[in-house]
Amino acid sequence: MKILVTGFDPFGGDKINPAIEAVKLLPDKVKGAEIIKLEIPTVFNKCAEVVKAAIKKYQPDYVLNVGQAGGRYALTPERIAINIDDGRIPDNDGYQPLGEAIHEDGETAYFTQLPIKAEAKAIREAGIPAEVSNTAGTYVCNHIMYQVQYMRDKEFPNIKAGFIHIPFLPEQVVNRPGVASMSLDDIVKGLTAALGAIVERDGQGDLVAVEGKTH
Amino acid sequence: MKILVTGFDPFGGDKINPAIEAVKLLPDKVKGAEIIKLEIPTVFNKCAEVVKAAIKKYQPDYVLNVGQAGGRYALTPERIAINIDDGRIPDNDGYQPLGEAIHEDGETAYFTQLPIKAEAKAIREAGIPAEVSNTAGTYVCNHIMYQVQYMRDKEFPNIKAGFIHIPFLPEQVVNRPGVASMSLDDIVKGLTAALGAIVERDGQGDLVAVEGKTH
Amino acid sequence: MKILVTGFDPFGGDKINPAIEAVKLLPDKVKGAEIIKLEIPTVFNKCAEVVKAAIKKYQPDYVLNVGQAGGRYALTPERIAINIDDGRIPDNDGYQPLGEAIHEDGETAYFTQLPIKAEAKAIREAGIPAEVSNTAGTYVCNHIMYQVQYMRDKEFPNIKAGFIHIPFLPEQVVNRPGVASMSLDDIVKGLTAALGAIVERDGQGDLVAVEGKTH
Amino acid sequence: MKILVTGFDPFGGDKINPAIEAVKLLPDKVKGAEIIKLEIPTVFNKCAEVVKAAIKKYQPDYVLNVGQAGGRYALTPERIAINIDDGRIPDNDGYQPLGEAIHEDGETAYFTQLPIKAEAKAIREAGIPAEVSNTAGTYVCNHIMYQVQYMRDKEFPNIKAGFIHIPFLPEQVVNRPGVASMSLDDIVKGLTAALGAIVERDGQGDLVAVEGKTH
């Protein structure tokens, strides 16, 4: 089994992005699955081209995109990607879409094929906080999650794909009082646990468990 | 123009639900539009039957569902409803779905037809905090928002519909330290401003403005 | 019985200070006690001169200073004032002390004589969130609380004095996402309840009740 | 130079206390100073006896008490200890004082002799979030900070003493959604940086810098 794991480069004034830093530190094998690591640009559309080329090259069974969600307290496997680009800030190429569809011929949204409840449970069992999230936002993170689902819908039907958001690193919140963070080691430990859950649940779907939100 | 506005009854151990309390206090007319007020039960599916009967009876141009999002700091017009019931707690009939589709033949998600950026702007101009939200959760609030969209998709194509989440009332956080709240008067003022924006933007779609989230 | 209640004027870029706005709206009598209302400047030392002149003029039995604590969720009667001026920002006269004693011959700190647990309980019983706080900060709020205690220590031994911090108003957080607020009506209602508790506990000291913090 | 560093044992239902875990992992020497490590019980008064015996035995130049402040986002050197025991929960011996003085003949409060602004700056320069705090609470943490100051006042005038509060560990927030945490490695790194600042500022007092709070 092959799992392509991507991480974004830094954006929005930060000099570091924990996503790519964590991805680089993942083990090369998790429970027998080969982990292929890929840095992608924080740029609408361009990030999707990079992922598409890697899918063609490596033909992975799974794609897991990883991105920073500054302010979150936990690792958060994402449930759904939605067909909208609505940037609070411009991307690294200076492009800031405001409420545009990603693909006119795409679904309104796609649910992940990854076992998000199993991932969250495995991360917590590794001693790292985790919660299922129901929004990946409307910026580049949701964009790449949607784009990979769209590719799956149109071109690579055998791929299973999803997204995990991760918190800021401690060094990123030194000048952001009252904002949560997580150490790089713990992010790596949590992502590794999530990858383990993906491998173990292969072919079985997700757990049935209480992980929902009242809002 | 007629706008049907619904509010849920109390759930989850609270004796009061600010949603129905606020809806009851809305004016009967907003910028010329007639406001029809409806209490609905915090029960999966049953709430949709009640709304459907009211749509048939009143034939509104717009439907706005209002629900409590305990812990939020602002009024939050919702962008999207997703095809999943995943309850953190049972509903008022004791039913707790865990990850089930609302309608097998429904879309994965539906975007609201309401002008959410215009609503948020109007609420803020009334002096009340507001933000566009990208998740209505996976409980009864998302459920009713999805159900009304599904009815629109299948049966009432001329309706425009959407959802606004509102915070706890101050009296609800007296024993919940560190949780935000908003007074009933301010919720009513904010909802009235949002209804005004809906009327004013009728036929023009939403504003193009920065309201997105990086996650 | 006479209670002198003070509120600060706006500072730090805000055009309004809920402290003086709320104080102005207090009733003239609370449970038989006369309420004397006084606006004071957000200026180190100068605010104390204004209060001192009012104490001499009105000879109140109690002094209650009210100030804004942006970011708090509840009304917070303060337990203690400490002998330090350490400004995160300059005051309204441009003065920014950094770690200086308020009075070289003053105590390190003074506990309030007000019944803070009774105040918090009364506020909550009025449906408004309240918690005892153990820090009034190191800016003008702590300064005036300390100054009045110092006056009591040196000059007006019969006065009982204390402080209540109040949250931002909703209009102040319209552009501060994720920050709690409280309506002016609710602040007035809560302060009135606290004044009632002060009058009722006169001569009896505070309640013995669980209100402490582990940190 | 000798620095006695203490950490509390677990309390309040947690099986682990990051305070003693971090203290155990500190280096034996920091910038030439000898670090003496001591576990103390989360019990009013008893913790003070243990520290007093260690002061007599080791004759340290500095005492640094370390305690957990669940919910904080950063390491927080404490400015002041106050003369009150007011427990939100009982201590590990089941004792829950409610608003009692620690020592009738003690000062109302004692400022730390440690360079808290220099500590916070050094911790941040090590990449770990830190802020000066103005309240150590009213439970066992404030108690031991006060007790050591009282010993200094009455018996060991040459000692300089203070306190640092630390966040929950990630494993402690796995079932506490929306609560910040910090890894044990980062806590150790931050405490080591703070100890370095204590050694370097020895004899010079604290930095003059902006670290104050408006409330």
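Letters are used for the chains, namely A, B, C and D, taken in the order the chains are written, and counting of residues starts over at 1 for each.
Everything that follows uses one rule, which is that a contact is a pair of C-beta atoms (placed from the backbone, for glycine too) under 8 Å apart; a residue touches a chain by one contact, two chains touch by 3 or more.
Please read all numbers here as calculations on a predicted model, not as lab measurements.
Student: Can you tell me the least number of steps between chain B and chain D, where a step is a move to a chain it touches?
Tutor: The distance in steps between these two chains is 2.
Student: Can you check whether chain B and chain C touch via the same residue numbers (shared by over half) or via different ones?
Tutor: same
Student: Where the centre means the average of the CA atoms, what chain is farthest from chain C?
Tutor: Following the centroid criterion, the farthest chain would be A.
Student: Quick one: report the Å distance separating chain A from chain C, using the average Cα coordinate of each chain.
Tutor: Computed value for the inter-centroid distance: 47 Å.
Student: I'd like the Å distance between the centres of chain A and chain D, where a centre is the mean of that chain's Cα atoms.
Tutor: 38
Student: If you average the CA atoms of chain C and of chain D, how far apart do the two points sit, in angstrom?
Tutor: Computed value for the inter-centroid distance: 29 Å.
Student: Which chains touch which?
Tutor: Contacting pairs: A-B, A-D, B-C, C-D.
Student: Provide the residue numbers of chain B that touch chain C in the complex, in ascending order.
Tutor: 73-74, 124, 127-131, 170-171, 173-183, 185-186
Student: In their shared complex, at which residues does chain A touch chain B?
Tutor: These residues of chain A touch chain B: 12, 67-70, 72, 79-80, 82, 84, 86-89, 96, 98-99, 107-111, 117, 133-142, 165, 206, 208-215.
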